[in-house]
Amino acid sequence: MSFKTEIPDARQFPRYSGVCSFFRFPLSPQPRKVDWVLYGVPFDFGTSYRPGARFGCRSIREQSAYIKPYHLFYKEDLRERFSIVDGGDAPVAPYDLEKNLSLHEEFSSAWRAQDAKTFAIGGDHSISVGNMRATSKALGKKLACIHFDAHTDTVDRLWDNAYTHASPIRRGVEEGWLDPKKSVSIGIRGPVNSATELDWGRDQGLEYICIEDFREKGLDLLRAFKKKIGNDPVYLTFDIDCMDPVFAPGTGTPAIGGFTTAEIISALRVFKGIQLVAADMVEVAPGLDPTQVTSLLAAHLVFEILCL
Amino acid sequence: MSFKTEIPDARQFPRYSGVCSFFRFPLSPQPRKVDWVLYGVPFDFGTSYRPGARFGCRSIREQSAYIKPYHLFYKEDLRERFSIVDGGDAPVAPYDLEKNLSLHEEFSSAWRAQDAKTFAIGGDHSISVGNMRATSKALGKKLACIHFDAHTDTVDRLWDNAYTHASPIRRGVEEGWLDPKKSVSIGIRGPVNSATELDWGRDQGLEYICIEDFREKGLDLLRAFKKKIGNDPVYLTFDIDCMDPVFAPGTGTPAIGGFTTAEIISALRVFKGIQLVAADMVEVAPGLDPTQVTSLLAAHLVFEILCL
Amino acid sequence: MSFKTEIPDARQFPRYSGVCSFFRFPLSPQPRKVDWVLYGVPFDFGTSYRPGARFGCRSIREQSAYIKPYHLFYKEDLRERFSIVDGGDAPVAPYDLEKNLSLHEEFSSAWRAQDAKTFAIGGDHSISVGNMRATSKALGKKLACIHFDAHTDTVDRLWDNAYTHASPIRRGVEEGWLDPKKSVSIGIRGPVNSATELDWGRDQGLEYICIEDFREKGLDLLRAFKKKIGNDPVYLTFDIDCMDPVFAPGTGTPAIGGFTTAEIISALRVFKGIQLVAADMVEVAPGLDPTQVTSLLAAHLVFEILCL
Amino acid sequence: MSFKTEIPDARQFPRYSGVCSFFRFPLSPQPRKVDWVLYGVPFDFGTSYRPGARFGCRSIREQSAYIKPYHLFYKEDLRERFSIVDGGDAPVAPYDLEKNLSLHEEFSSAWRAQDAKTFAIGGDHSISVGNMRATSKALGKKLACIHFDAHTDTVDRLWDNAYTHASPIRRGVEEGWLDPKKSVSIGIRGPVNSATELDWGRDQGLEYICIEDFREKGLDLLRAFKKKIGNDPVYLTFDIDCMDPVFAPGTGTPAIGGFTTAEIISALRVFKGIQLVAADMVEVAPGLDPTQVTSLLAAHLVFEILCL
Amino acid sequence: MSFKTEIPDARQFPRYSGVCSFFRFPLSPQPRKVDWVLYGVPFDFGTSYRPGARFGCRSIREQSAYIKPYHLFYKEDLRERFSIVDGGDAPVAPYDLEKNLSLHEEFSSAWRAQDAKTFAIGGDHSISVGNMRATSKALGKKLACIHFDAHTDTVDRLWDNAYTHASPIRRGVEEGWLDPKKSVSIGIRGPVNSATELDWGRDQGLEYICIEDFREKGLDLLRAFKKKIGNDPVYLTFDIDCMDPVFAPGTGTPAIGGFTTAEIISALRVFKGIQLVAADMVEVAPGLDPTQVTSLLAAHLVFEILCL
Amino acid sequence: MSFKTEIPDARQFPRYSGVCSFFRFPLSPQPRKVDWVLYGVPFDFGTSYRPGARFGCRSIREQSAYIKPYHLFYKEDLRERFSIVDGGDAPVAPYDLEKNLSLHEEFSSAWRAQDAKTFAIGGDHSISVGNMRATSKALGKKLACIHFDAHTDTVDRLWDNAYTHASPIRRGVEEGWLDPKKSVSIGIRGPVNSATELDWGRDQGLEYICIEDFREKGLDLLRAFKKKIGNDPVYLTFDIDCMDPVFAPGTGTPAIGGFTTAEIISALRVFKGIQLVAADMVEVAPGLDPTQVTSLLAAHLVFEILCL
C-alpha cells in the first residue's frame, strides 16, 4: 500500500480527546484502497435473549481510543504494517433480518472491490453472514473459518426465522461461503437445549473444540487446525460470549465457564501467520456492562486479530 | 364477581418472598371470569433506539410486590373492589411485528370472552394495538383513548414497517379501534423530527396536550376532556417516557422535561370515575435503570389506574 | 460553650482528603461538653423489606465532607454558632432489637449527661427510640415530635416483634417519651395495607399531614403546628423515605410521590427557631443508590436541621 | 418417578417470558411426589457484614430462566432424568433466627415426607441447619457433608447468637445432623480473626482443603474424600463466597483469592456419582452485583449439582 | 450563510448508528464559514472535588445523537435556521491550566476569524475563559454574561492557582472580557465556605439570583435582566451543577436544591431573542452518572440555547 | 516496639461500624514511634487517561475494615507482629505535581524520623517519588525496587511534565533513590506506544518480567530476583493496574491480560522475608468500579505486603 496509518500521537493529544473512531484511525466514509477497513454494523434484531449489541460498535470505538499501536510481544507496529481506516457504520435495516444482510453485504463488497480486507464490528452474530458473503464472492472460493463462541450457531430456524444470531455458521455453510471441513468452533459449552446440538455441524465436518477439550489438551488442538488450513483464506468470527461472563459481562447470552483473557490471548496467538481475509467481532452489548471492560477487551482482541 | 382478590398478608409473609406475580395477585394461566386480568407482553422488537422493554413485565412484577392494596387517598381497597389475577405472559413472536400483534390480540380476546378487563404490561409501545383490537372488537365499538406519552406515535412507517412502537395511535385510529375525536395525547414534547409532527393527528381530530400546555393550564384541560368522553368506554395507554427521564430512566427513548411523579398522579386522579375498559403500561426497559425506580413507578401507576 | 468547631479549611485541605468524620467535625470518642454530638448507629436489623441502612452512617460521613459550613440563606456559620463533634458510632447489638435500643440509649445518655444535644444518624428507623428515651429521661418531660416519613410507623408488631422500624412512633408514644398531642407526621402517603392505617395515631391526637395535604395547603399547616408547639422541646426524626424515590433512591422501603428537595427545604425552614433538643436521620441505605445522592441529600438535611 | 419435568420450549417461548420459577420448572405450592424440589428461603437476618441475601432466591429464579436443560459434558437431560418442581419459598421468621430454622425444617420435612430431595436456595448460610435437620431426621442417620466456602462456619456464637450465618457447620455437627468425620470444607482462606480458626473443626475430624491446598494438589484431595464417603448420603452446602469476589461479587462477606468458574466446575465434577440427598446454595446477595453474574453462576452451579 | 446543516435522516438511518458528532452535525476539523461551531474541550485539571469532566464532550456527543432538530415550542428547525458543524476537540494542555486556556483561545479565535459563533463543550468550568477571551477580543468589546451555576465562581485563587474551575467569572471580569454590570449568576445556593461569598461579585455590579430568589419571584427577575442587556452581545456559560443533583448526577461538585428540568427550560426560554455570540456547557462528568441522563440533559440544553 | 496494634474486636464490634481507618488501626495524626505507618495521598493530577485515584485512599480505608488480622497461610497475627497506625492523609498540592511531591516527602520524612516504615496509599503513581525520596534519604542509600505494573513508568515527559504518573520509576532512578540494577518491573504488557518502550530501563539495568514471561517461567524469575537483592532495603511499589481489568476495574489506565488474584498472591509470597522498608499501593480509582472489588483487593494486598 502507498500509505501508512496516521494516528494522533497520544503523548501529544490525549487519548480521551477527539471524535471516536476505531483506534483513532482515520475516518473514511467512502471505500478506498487500504489494507483493512474496520466498520460497524449497529444491528441487534437477531438476538434471542438480552438485546443491546446495536450499541457495540459505538462503545468499542470509544474504548479502542486507549489501545496503543505497538504489539510488545510480536514487536510490530500496526501503523507501519498496514494502512487501516474506520469506514463508519454500514447501513442497517431494523426489523428485517434478511434485508439487513443484503445491505451489509453490499457495503462490505464495496470495500472489497478496493482490495480492502473487511473487519465488521457488531452488532449481534446475525450480521456475520453479510461479510462472509461479500468476502467469499469476491475471492471466488469457500473460506476456512475460525469461530470463537460459547454456542454452535447452527440452529436452523428460531421462531420461524432463518437469519437470527443463532444460525450464522449454518447459513454460511449452507449458502456455500464457508468450507465446513476447514472450520472450527472453539469454546463451545453447555448447558444446551438438547442432545443433538452438535450433530448437524459434525455431519458437515465441522470441528468442535469444547471448553473442556481446550482446557485438557492445551493449544495442540489449535495448532493442528492451523496446520490443516495452511494458506487457505480464513474468515475469523469472534463472538465475545466465548469468554467467561466475568471477563465479558456485556453480552446478551452469557455462558458460565468460558475463556479467561490469558487463555484467549494465548489461543489467538497460535494463529499468527494464517491467511486472514476478513473478520468480525460480535455480541458486545455495552449497556449490560457498567465498567465497559467488555468493549475494552473486544477492542484489544480486534488489535490482536489484526496483528495475526 | 363472586370472589375477591387474595394476596398474601405482608405482615405475615414478607413482600420479598415468593414467586413474583403482579402485586402478588393469584396466578391464572387459563382465562377465567374476573374483573381484571394483568398480563405481560415481553416484546421489544418494535423499538427504534434503545431496546430492553422485553424485560419490563418481569421487572414490574418484581417491584410491584412492594405495592400495598389500600389506596389512602381514595379510601378504597383494591382487593375488596375487584377480583384480579395475573394471567402470565402473552405468547410473543420475536422478529415479526405483525404476527406478534395477532398473538397478543388472540390472548387478550380469550380473557375478554370471560368478561375480564385486560391490562397489558409491556413490552414496547408496538404491543398496544393487540389489546386495542381485542377490546374494540369485543365491545363492538370504537374506544375513547387517553394516551400518556412524550411522542405522538402517529408515524406512518418506520424503516418500512407499519407496526413499530412509533405508530400504535395511528394504527389504532386507521384500523378503527380508536375514536380520534375522543382521544387525547398528553405530555407531548420536542425536539421532534419535523414541523409536521402533529398534523396527521390534528387532521383526525386528536387532541394534543403538550407538556407546556399542561404546565400552563393546570388540570383544566384534562377535566374538559373527561367531560367530553363522559361514559364512553376508554382505553388508557401509558408510555412511561411521558415522565421526565429522571423519574423514569429505564426507557428506550427518553425526552427531557416530562412529568414529575406529583404531576402524573394529579393528572391521573382527574380521570377518577371514567369507564375504563382496557389499558396498557409500556416502554419500561429495566436494564437502563440501576435503581429500578422506573419499574416501581410503573407498578405504582398501574395501581393508580386500576383504582380509577 | 467554651469552644467553636474547627474544620479543616477546604481551600487549603481538599474536601476529599482525610479520614471521614461527619462534616469534617473533630472526632470525640469520649463524651464531652459540646452543643451537639453527631453519632452513627449502624444497625438495620429492624427493616422489613430491603436492608442496607447499617452502612448509612459511613456513607453520610463520606458525602458530608463536601458540605460547607456557611448557610447562605440564614446567613449563619455553623462553626461559629455551635461546638459540634463526631462522637463515632454507638455500640450495636446485631440480631437483638431490644438490646440494641438499650445500648443506644446508654450511649446517647452519656452525651446528654454532658449537656450535649444528640443527633443520631442511622441505621433504620428502629433506632430512634433509643435517642428518644435518653432525651426525654434527661429532660424529665415528654417531647414534641416532628416526624418526616412516608409511613406512619405506628404498627404494633411486625412478625411478632415490637421494636422494628415500623413502630418507633407508636413505641415512643406508648412508652411516654413523645407527646402525641404535640406530634406531627409529615409526608404520609399510600398505598398502605389497610383502611385503619391512621386510626391509632389519630386516636392518640397525632396530626397527619399527608403528601396531598402538603401540596394543597402549602406550608400553612406546618406553620400552625409550629405555633402549637411553641417553645416545647422538640425531637425531630427524619426518615429519608419521605422523599420521592427519585430524590432518595437509597432507602429500603421507597414510596412514589414524595417530597422534592425544593419542597423539603422549604418545609424544614418553616421550623426555624423551634426548641430542637435531639434529632435523627434514618433509613439511608447507600448500597441501593449508585450515585450516592441520597447520602449527599441526607448530609445536606442534617446541616439544615442543625441550622434550625 | 412417574413423570418427567416439563419446561416451556425456549425455541418456541422465549426464555425471558413468563413468571420466573427456578429453571422454568413447574410451580408446586403443595408438597408432592417428585425427585427434587427446589425452594427459596428468603432470609438474611443471620448475616454479619453486608446484608441482601434475602433477595437471592428471587434473583436466582430470574437468572436460571436462561439455563438450558441438557448437560453437554455428561450427555444427560435434566428433564429426562428427574422430576423436579419449584416449591415456592419457605415461610420465614424475620428477626428470629431460631424460629426461622424451625419453619424451614418443617417446610423441608413436608417435602421429604413425599420422598422429595430438597434443594434450598438462600438466603444466608444460617438457613442450612433447617434443611440438614429435616434430611437427617427423615433418613435417620448422620449425613456426610461437602461444604464449599471461604469460611469455616464453625463460630460458636456471634454477638450472643448461636444460629447466625457463621455457625451452620458447627451447629450441624453439634446437633448431630452431620458426621464430621465424613465432612470436608473446601476453599477456606484467610485473613481470619485468629490462629484458632480451624481448631474446633479439626478436633471433630473435619477435613479442611484450603485454597492453597486446592491449587497445589489439584483434584486429588477431592477424589480421596469422594472415596472416603462412598455411598453415604451426602448433604452439599454451597456458599457462593467460596468463589473469588470477581466471579461472585454479589455476596456479603467476600474473600479475595477464591475459586474461578473453571476451577469450581472441575471440582464439582469430581463428585459425579455421589449419593446426594439434599443441598443448598446460599449467600447470593444480588443487590451487590450490578451485572447479576453471581446469580447466573449460582443458577449454573445448581444445575451442575443436580446433575451429580 | 450559503448552506444549511445536513443531518442523516433518522427515519432512514438510526440515531444509534455512525460515528458520534454533536447532534450528528457534519465534522469539520478545519475552521470554515458557518453560523455556529460546536467543539469539545476535554480538560478537567481545574476541578477541586470529583474529576471526570474531561469525558464530558465525548458523552454529550453520544447522547446528542438522539436529539432531533425541530423545536416544537418555537416551531423552528435548527437545520434550516443555521449552518452548524462539529469542530472536533480543541487541543488541551494537561497539567497546565494557563497554557490550556491559551490553546483554547487560539482554537476558538480561528473559528471566530471565520465569523463562526463558538459553542465550547467542556470539560470543567476553567475552560470558559478561553472562549470568553477569543470572543471578546474578536468583537472588540466586553460581553454581557448569563451564568447558570450553583456557585459564584469568583474565588480568587484555589491552592495557589488563579485559573481553576472556581474562578472563571472573576477572571473574565478582571481580564476585561465580561461586563459585570451586565452579568447575572443564576441558581446560586449554599452551603458555602463563608459569609463573604457574594461580596466580590456584588462590588463589581454582578447580579445574583439565588435559587430562593428564583423560586419566589418566578421569571420576572430574568425578564428584567433581559431588558437590561437589550441587544448587547451575550456570552452564556452553563454549569450543569446549577441543576439539582438528581437531574444532573454526573457532575463533580453537586449542590442539593437546584433547578428541575421544567424550571431550567422555562428560565432559558425567557432569553429567546437575545444577541447570543458565544456559549459553553461545562462540568458534565459522565462517569458519575450510570444512566447518562446528565449528558442527555446537557445535549438538550445545548439545543435549547442554540434555538435562542 | 513497646506496643502492639489494637483493633476493635469484630466479634464484638461489627466491622461495618465506626469511623473508617485503614484496617481499623488506631488513628495517629502526629508522627510517633511505630513499626509501620499507613497513610493516604489523595492526589490524581498526575493521571493521563481516566482520573479518580484521589478517592482511592478513602475507599481502601472503607474496604479494609473487613480485612481480618490473622494470616492463615503464614500463621501470623499482624497485630502481634507489628505496631501499626493510620497516619491520616498527607497534605497535597492540587494542580502542582512538583510541590505535591515535596509535601509528600516532608510528611513521609517526619514519620521516618520516628523510625516508622512508611506505606503510602494513593492516589496515582506520581506520588511514589515522595516516599522513595524520604526513605532513601533517611537510610542514606539507594533502594532495591519491586515494581508491579502493566506499564514501565519510565516516560521522560508527558505533555511537558516530568513528574506525572508515567515517570516515577525513571525519576526514582535518575534522582538516585532507586538502584536500577536491583530493580524489577513485573507484569509489563502491551500494546504500547512504540518499539522503544523498554529501552531506557534496560539501558539502566532494570529487569522486566513481562506478563508472558511470568506465565511461561512461573515463579522462578521472581525467586532469582529475590536472591539477587538479598538483604538490601527494598521499596515495593504496587500499581493496581498490573492486575487484569476484571480483577481491578477501578483503575485509570487498564490493560487487558494482567494478573489474576491467585497469580498475584503467589507472586507476592515469593518475596516473604525480604527487607521491606517502604511501600505504596497506587492507582485505585474507586469511582470506576461499582462493586468496590478493586479497593477490597488493594486492601487485601496491602495486608499481604505487610506480612512479608
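So that you can tell them apart, the chains are marked A, B, C, D, E and F in the order they are listed, and the count of residues begins at 1 in each.
Here is the rule we go by: a residue touches a chain if its C-beta (ideal position, glycine included) is under 8 Å from a C-beta of that chain, and two chains touch if they have at least 3 such contacts.
Bear in mind the structure is a predicted one, so any value in this text is a computation, not a measurement.
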item	value
Minimal step count in the chain contact network, chain C to chain D	1
Copy pair chain B, chain D: interface residue numbering same or different (half cut)	same
Higher-contact pair (C-beta pairs counted), A-B versus B-C	B-C
Interchain centroid distance [CA atoms averaged], chain A/chain D, Å	38
CA centroid of chain D to CA centroid of chain E, Å	55
Sequence positions of chain C contacting 2 or more other chains	14, 16, 48, 50, 54-55, 94, 158-159, 246, 260, 288, 290
Pairs of chains found to touch, sorted by chain label	A-B, A-D, A-E, A-F, B-C, B-D, B-E, C-D, C-E, C-F, D-F, E-F
Touching residues on chain A, where the partner in the complex is chain B	44-46, 48, 50-52, 54-55, 93-97, 158-161, 164, 287-288, 290
Touch list for chain F against partner chain C, complex	13-14, 16-21, 27, 40, 42, 54-55, 58, 61-62, 86, 88-89, 91-92, 94, 290
Residues of chain E defined as touching chain B within the complex	10-12, 14-16, 66-73, 75, 77, 246-247, 260-262, 265-266, 290-291, 293, 296-297, 300, 303
Chain E-touching residues of chain B, taken from the complex the two chains share	48-50, 155, 158-159, 188-195, 197, 210, 212, 215, 244-246, 249, 253-254, 256-257, 260, 288-290
